[in-house]
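Okay, so here's the structure we're looking at.
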Amino acid sequence: MTESAGIIILSYCGAIGLILLGVFAMVMYRHLIRIIFGLMLLEAGVNLFLITIGYRANAVAPILVDGQIPAAAMVDPIPQAMVLTAIVIGVGVQALALALVVKTYQAYRTLDTQELAQKLAKETGVDIIEGTPVYLPSPLAAHKQILEEKST
Amino acid sequence: MIIIGNIFILIGTAFLCLGALGLVRMPDVYNRIQAGTKATTLGALSVLLGVAFHHPDWLPKILLIALFILLTSPVASSTIARAANRAGLRPFTIPTNVSEEK
Amino acid sequence: MLFWVALISVVVMLGAAFAVLFLENYLAATAAISVVSLALSVLFFVLQAPDVALTEAAVGAGISSVILALTLRRVGLWRIETHKDKQ
Amino acid sequence: MNLREISSLVFIVWLGLLLGAVLKIVAYDNILTGGVGTYILTHAAPELGAENIVTSVLLAYRGLDTLGELTVLFVAITAAGLVLGQRRTDAPSDSDAGFILRTAANLLFPFLIILGTYILLQGHFSPGGVFQGGAILAAAFFVPILASPASPLHHRVSRLVEGLVVATFMIICLLALFSDDAFLALLLGKGSVSQLFSAYSLPLLHIVIGFQIGTAFAGILARLQETEASD
């Protein structure tokens, strides 16, 4: 087995590990910040996966030296360009998610999803029980309900 | 030239390893700053010197990087120490009964 | 040679990712996610993608961690563990 | 251990098996022989005069994608700023960060600006480019805020810079539309390879997009820092 094949296997294993850890954090934890940690890990794993797909054995980086195309093969530049944009987009999405987390904390004083569900159930009168399909109230009905509660 | 550069890089990595070890082994924040900043600064500068022996034409860039490290590293350590002090962390002291036994 | 660099960075990356999930302190988890980004940028360099490595080190390890840390301060999870003297 | 957690674990195991199957079908010693990647690798340098092929894919071949990406980033950051709200004037700001950090921040600021602009400008012939340089510019504008929280980032100025920069970008694209016959086509000459003024208008686009990303990130960092004590 050559060195390049070892590098490819290692980075695929790293990418798969990061993706699985991210999915694990996103589905098993109840704290919103932990879920965002999982999102970041998942995103890093997917980026590594894409870069590894573009990697070729014994190739060099897609940058010319002194204007000459090097003798060795070069790696695929298109996944690299896509990942470059994906990293920056990921930070933008993360900033938006964290801003929503801050607003949630200001409104409900908690970040635990179960406590949030209880508080929401108390507010809207609709139970959201963990483990069963979630039936969110339609916004119009919930609004009407809140108006009725306020009037009574 | 290459051998001198290799020696400097080896010294630098040894200092970096000692800094990392100190970061794990030291008892409290202030001692860890001591290990993590001084040893790491010296190690990084030594590695840069070794690289300068390897590639003499990179000297201006290496000088700039060394300037950056010399400017930021002490500031970072002093800021961490100030933040730790304001967060109320007391410096590590040997408990009195132990020191009496010695 | 490059294989060993890749091996070390993958091990550091996965170890830090485990630490992100199982550390109690949120500030420590933020530091661990920064370590994940740094190891990932080393791995990108091994995979012949220096542009992506630079971006990951600057954006992923720098700005993203600062955004997370500022948010932790906003939601009241900014806790430094105080050292308790064991008498 | 309820039903949801069990099904989640089963899903994770299934996902791991699915992704692990990639290891069986990957060809370990293949060399790229066809497709878009090979075309770009052989044609980018003669066509564009840019040595860094990733950057030329980013801004020349897939320039429209980058425009859409900038739009997504702009919308995400603007929405985050809207959600976080304005700074309250009665909010108690942080105390001073100390003499050492302030002096160092004043010393560092021009260095960081120069470093960011350098990484922006040399993006078309060596590693570097819009996103790296933009991130460093954002850090450069955030360091003084950390050092002295009492003097905040002027959001009006940053918004002005952002608007000017986006307008310049659109003007470059539209000039291409009127002179050539394609939106986002490249202007100016090809120049000689690995010179600063080469590769058509890539350096110009680098500066423009880099400043846009820098102001966007600096704006969201300052917003998070400023509105801190307002809850």
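First chain written, first letter: the chains are A, B, C and D, and each begins at residue 1.
Methods note: a contact is a pair of C-beta atoms (placed from the backbone, for glycine too) under 8 Å apart; a residue touches a chain by one contact, two chains touch by 3 or more.
Here the structure is a predicted model, which is why all the values come from computation and not from measurement.
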(request) Determine the shortest chain-contact distance, in steps, between subunit A and subunit B. (result) 2
(message) Going by the touch criterion at the top, tell me which pair is linked by more C-beta contacts: A-D or C-D.
(response) A-D
(message) Going by average Cα coordinates, which chain is farthest removed from subunit B?
(response) A
(message) Nearest whole angstrom, what separates the Cα centre of subunit C from the Cα centre of subunit D?
(response) 20
(message) From the mean C-alpha coordinate of subunit A to that of subunit C, what's the distance rounded to whole Å?
(response) 16
(request) Give the residues of subunit D that touch two or more other chains, as numbers and ranges in rising order. (result) 52, 54, 127, 129, 131, 217, 220, 224, 231
(request) Going through subunit A residue by residue, note those that touch at least 2 other chains and give them in order. (result) 13, 24, 54, 59, 61-63, 75, 80, 84, 87-88, 91, 95, 98, 102, 105
(request) Would you mind listing the residues of subunit C that make contact with two or more other chains? (result) 49-52, 55, 59, 63, 67, 71, 74
(request) Can you check the complex and tell me which residues of subunit D touch subunit C? (result) 52, 54-55, 119, 127-129, 131-132, 135-136, 138-139, 142, 217, 220-221, 224-225, 227-228, 231
(message) For the complex, give me every residue of subunit C touching subunit D.
(response) 49-55, 58-59, 62-63, 66-67, 70-71, 73-74
(request) Please give the residue numbers of subunit B that touch subunit D in the complex, ascending. (result) 68, 71-72, 75, 78-79, 82
(message) Can you tell me which positions in subunit A touch subunit C when the two form their complex?
(response) 3, 6-7, 10-11, 13-14, 17-18, 21, 24-25, 29, 33-34, 36-38, 40-41, 44, 47-48, 51-52, 54-55, 59-63, 75, 80, 83-84, 87-88, 90-91, 94-95, 98, 101-102, 105, 111
(message) Which residues of subunit A touch subunit D once you look at their complex with the stated criterion?
(response) 2, 4-5, 8-9, 12-13, 15-16, 19-20, 23-24, 27-28, 49, 54, 56-57, 59, 61-67, 69, 73-78, 80-81, 84-85, 87-89, 91-93, 95-96, 98-100, 102-103, 105-106, 130-131
